[in-house]
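Shared between the two complexes below is chain A, which pairs with chain B and chain C, respectively.
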Partner chain A sequence: MIPWKLVLKNIRGYRKRSVVTVVLSAITTALLVFSSAIMDGSHNTMIKNAVEIYPGYMQITHRDFRDTPGYENLIFDLDSLRRSLANIPDIAAYGARFETYVLYSTEARSVGGMLTGIEPRAEKQLSRMASSLYEGEYLDDEDGAVVYIGFELAKRLKVGIGDELAFIGNGADYSMAADVVTVKGTFRTGLFDFDASAAFMNKRYLDEVMVSRNMATHVIVLPANVEDCGKIEDRINQEVGGDNVAESWFRTMASLVQAMKLDSVFGYITLGIIFIVIFFVIMIYTLLTVYARVREVGVMRAIGTTPWGIFVMLVSESVLLSLVGVLLGGLLGACVAYYFYLNPMEFAGYEEQFKQYNMVATAIPADFAPLVIARDMLIMFVLCVCSTLYPILRLNRYRPMDAIRHV
Partner chain B sequence: MKHYLLTILCLLFIFVDHCPAEEMDIDTLMQQVEEALNGKTAQMNLTMRVKTSRLERTIKMESYSVGKDKSFIKITYPRKDTGVTFLKIDNAMWQYVPRIERVIKIPASMMLQSWMGSDFTNDDLVRESSIADDYHCKLIEKGDEYLVELIPKEDAPVVWGKLLMWISKEHLIPTKVRYFDEENQPVRVLFYNEFKKFGDKMYPSKWVMENETIEKKGNQTIMEITEAVFDQPVADHYFTKRALKQFSQ
Partner chain C sequence: MDNDFLLIEKVSKIFETGQDVRVVGLVELSLSIGRGEFVVVSGPSGSGKTTLLNIVGGLDDATKGRVVLDGLEITGLRERKLAALRRDHIGFIFQAYNLIPVLTARENISYVMQLQNRAKGEIEERVEEIASKLGIQELLDKLPNQMSGGQQQRVAVARAVASKPQLILADEPTANLDSKTASSLMDMMQKLNEEEGITIIFSSHDPLVISKAKHSIVLRDGVVVENVFP
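Our next item is the complex of A and B:
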């Protein structure tokens, strides 16, 4: 039986202690909620950037292509794969790519780089290539000998919109593949290496040059709901079978996912150190306030209150104060997280540092996830209550007479 | 005492005499191997067959070279690649592709790319002939064949970690070369087979390059020399950039 009246009276009676405890709990909770939101937000931004700019949420390739990329490990029956994909629900879009490495050449210089045949209309949904347009125009499905080229690559080759450039490479049959193409547009994703080495053409035209009809290096799939990548991946693998395999972004970009997890671990270790400090601050503060009530506890024991009764009363006070602090702090942290979710934090001037982490935008939004907020609040609540247990247990060890005589 | 002194003097004599002699021997040997392999000049008709797990492809070509520094190659088959020409002068390489009517210098970054889809690289065409300049050579065995280990010199622009070369004592031409990467793993092996007489010169008429990497195990490039003329004058005009377009027809 919890003596609620007495608990509430004590909380009101020791107002200063109550306010300080609530404020401490609230600030700590707000800090945790906000830190988690920013950490998850930056990780989500990195992953979103890395996935959406070019690789896509899901890739279908020949099963050996990732380990040994080359013309021996292509998707050789693209039409049949397309028919299989058409039967799978929950796929928003898909498109084929033929990636190859060529030597680009202009009057000014020759530079090696990646040339990818894409299906322009489908690619608009699959990656940010179309929205990364810098100058000129993006490709369309009827295009012929035109190229959509990285801004930095165009600079290296000293070409602009309407200029011609040649490329030489090996066709899928290992014959010499070469053509002269006109620059239709340039793109700028912000990823320097990508912008300095990649160019795109309409796959239908490039297939003629590369002798790669009905072949592809990748088929990129966009699930209707990106959260369902795992399910769609399983479904495609059941449906497609054979030599080709579908892999979601968390497999194709496993190293990035690992890096994010590792970063989260370091983030939580840092937060953990802060929480240990806060834990002891609350504990010491509780210890001081509890010791100020030794005589009161002595009197209560003398009039017949059991140690368990004292324990329940003090823990109930702690639970109530922690609950109020955590709720206030959680609300505050959630509001701040929501604000930065809608208005991402700008880090103008740090573009170079961001590029090292494959981040194009310098704005980082916080992640507003109610479940994560609830988790953080629960952690803080448990932490706050636990930090008061030791002082309460010590207080309960006093015998009534010793407690009454305590100065 | 006299006996000991005599022994020490004999050992010293053998040691002093032996080391420079071996170095001189191996240098001379490698020089002779290079001369035998390249000839003063060479004009050849070659057929190259590239075999991968997926397809087999045949390319025919004419080749003109002077020593180890200059060479000119013209593709004559298949029709799609006919007229593609390559020019190598010292360590630089250019190519001409009729479809785009351009002469393109192959940059250093593309030197390790496959040449015409084969197991040879552009770098092989440019660097292969400068073995004596770029490697420390060490004679390992003198059995039926010489076995020479070639370790790249520190500042040599070489991609291999080590080469092992088996050399025919009879013809002073390699019979086999094994290429290792920097981690000492075998990458590929080149066999020089079927020695034939071309004019006065015995020469391997079949070169087989086998890929030894896990990724490309089983890939093979076979280069067969159908005709060859050695040590006859080769016109200088083959070795100009103008020739790339001129002789493309």
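Our next item is the complex of A and C:
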């Protein structure tokens, strides 16, 4: 058997080779860890933006509402649903919405748009509506005939804080519903279409106008841990059953999930190409370094080391060097990822491009997930070790005398 | 003396160096060497000395014929068994010393014994014993690149001898040494041959080495032209 001391001595003795191999594997590992962190970070930002601005992490609707959104497919017994939800643990908050479409009118003009009755205090936790306040004030649970309106919609209607506007639409009983309300605040999410068409009122007041007491189009649920959406979705569906159904963001926003998967595929294809290049760089470098040792290996074979012993020695060197490189690179990549996790990268001037991906913020934090970092380090370790196998096997095919004579 | 310790029967070696280029190394060569002999194989360059040693040591294959070492036919053995044979029964001394560059003299000497999984204490004891016999105690902690050629060759001899092999093959061991160092090395080898009872086969065209031989074999064009027994 090869003395382990020899493996360590070779690593120390062939210092230049060892340093270059460690640096190569460290840089590539750091690159992989960092690029994964950025890719996952941008995806998480997209999800957070898309989910948190308005739709929420989980929606409960009537079973047929998604296919046929209309008053015939409302949640008709909201109180009973609330009682059921109160029994389910791991729910941080929930709130009902009554979403309808109305015609807004001012003296200046009329514009069609969405009007949603919300439970203002609960909604603060469920979406970013409160934090998107631009001017005036957000709603509260005691509000009456006041509206919280999109900044762009307010501009189109030419109203400001304290101004009045009228809306007309259909009540839940299909009667005509209309009211005159005062602008209490405006919001700006950064998503133009949303800001140009949406307005919010206190649901308790809107229910009187729309004859929608104890009814809702959606109940939005915020799980205590958003990673547990799937589990809580199952639990809610078991509990509420019947006409209503709970769906997590990855179902309600399936197209976004698909887009992210596609983006990940392209990301991994790019990384794959980089990996292939790295694989060959390390392989060629190993080929050069092990070939510089052909004679030495020939002598070792001549004095009784078996080909397997040589293989074990060279692979052990490769494993140790790769391990050190991958650990250093992983640590470096993790530190950089952690830094950008705490201090998101700023992409000022790219707002319009970002909006195409539902991203209203120009700051993208890296994702810092130890398991993903460990996965990337494992990938790089396997890649580094595998890339040295061919040169080692090739070297081991030499007969001792041919190796000793090798120039 | 066991006269059939090493039997070489009708061994031929043909090197195929390229398309239609064939170089004859050995031609139906037959020899018999006894246990504990001190043999020198001499002859001009290209006469087949190194080829013969390589085939005897299992470092190269014979094209034809057979080699039997202490009753074991080594021609045709698989590489793993050949490696074990070399490790346990044969010591090599090369013209270019060929010490393992990252190991100290002590580690080079103990390397084969470590491959044999001998006990640490036994290895240390043997290294000290052989180093004292060869007068290289002060070199034990030096790396090969910190030693002169003669010193390296003495360490190479110690490496070959340390595991107490039955046979030592030395391919022109004095070729890179000055005459004084060469003479001292030969004296040392002779002493080892006598004290340890190891069969030693040299290849050389150095008159000094040839003069020390007890059994002299002269090769020319791959054929034995002289075989002088003690």
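The rule we apply is simple: the second predicted complex is superposed on the first by the 405 of 407 C-alpha atoms of A that agree within 3 Å, B and C clash if a C-alpha of one lies under 4 Å from a C-alpha of the other, contacts with A are read in each partner's own complex, and residues count from 1 in each chain.
Quick note on the criterion: a contact is a pair of C-beta atoms (placed from the backbone, for glycine too) under 8 Å apart; a residue touches a chain by one contact, two chains touch by 3 or more.
Every value quoted in this text rests on a predicted model; they were computed, and no experiment measured them.
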| item | value |
| --- | --- |
| Combined model on chain A where chain B meets chain C, clash or fit | fit |
| Vertex chain A, arms to chain B and chain C (CA centres, degrees, nearest 10) | 140 |
| Partner chain in contact with A:166 - chain B first, chain C second, else both or neither | first |
| Which superposed partner A:101 touches (first chain B, second chain C, both, neither) | first |
| Which of chain B and chain C A:12 touches, first, second, both or neither | second |
| Touched partner set for A:72, first chain B, second chain C, both or neither | first |
| First (chain B), second (chain C), both or neither touched by A:331 | neither |
| Which superposed partner A:176 touches (first chain B, second chain C, both, neither) | first |
| Touched partner set for A:300, first chain B, second chain C, both or neither | second |
| First (chain B), second (chain C), both or neither touched by A:88 | neither |
| Per-residue touch tally on chain A - higher for chain B or for chain C | C |
| Touching partner for A:112 - first (chain B), second (chain C), both, neither | first |
| Minimum C-alpha spacing, chains overlaid - chain B and chain C, in Å | 75 |
| Complex contact set, residues of chain A against chain C | 1-3, 5-6, 9-10, 12-14, 295-296, 299-309, 399-401, 404 |
| Interfacial residue positions of chain C with respect to chain A in the complex | 54, 57, 59-60, 79-80, 83-84, 86-88, 91-92, 94, 98, 100-103, 107, 111-112, 114-117, 159 |
| Chain B-touching residues of chain A, taken from the complex the two chains share | 67-68, 70-72, 101, 103, 105, 110-112, 166, 168, 170, 173-176, 178-180 |
| Residues of chain B that touch chain A when the two form their complex | 50, 52-55, 57, 75, 78, 80-81, 84, 95, 97, 99-100, 102, 104-107, 109-110, 113-114, 116-118, 215-216 |
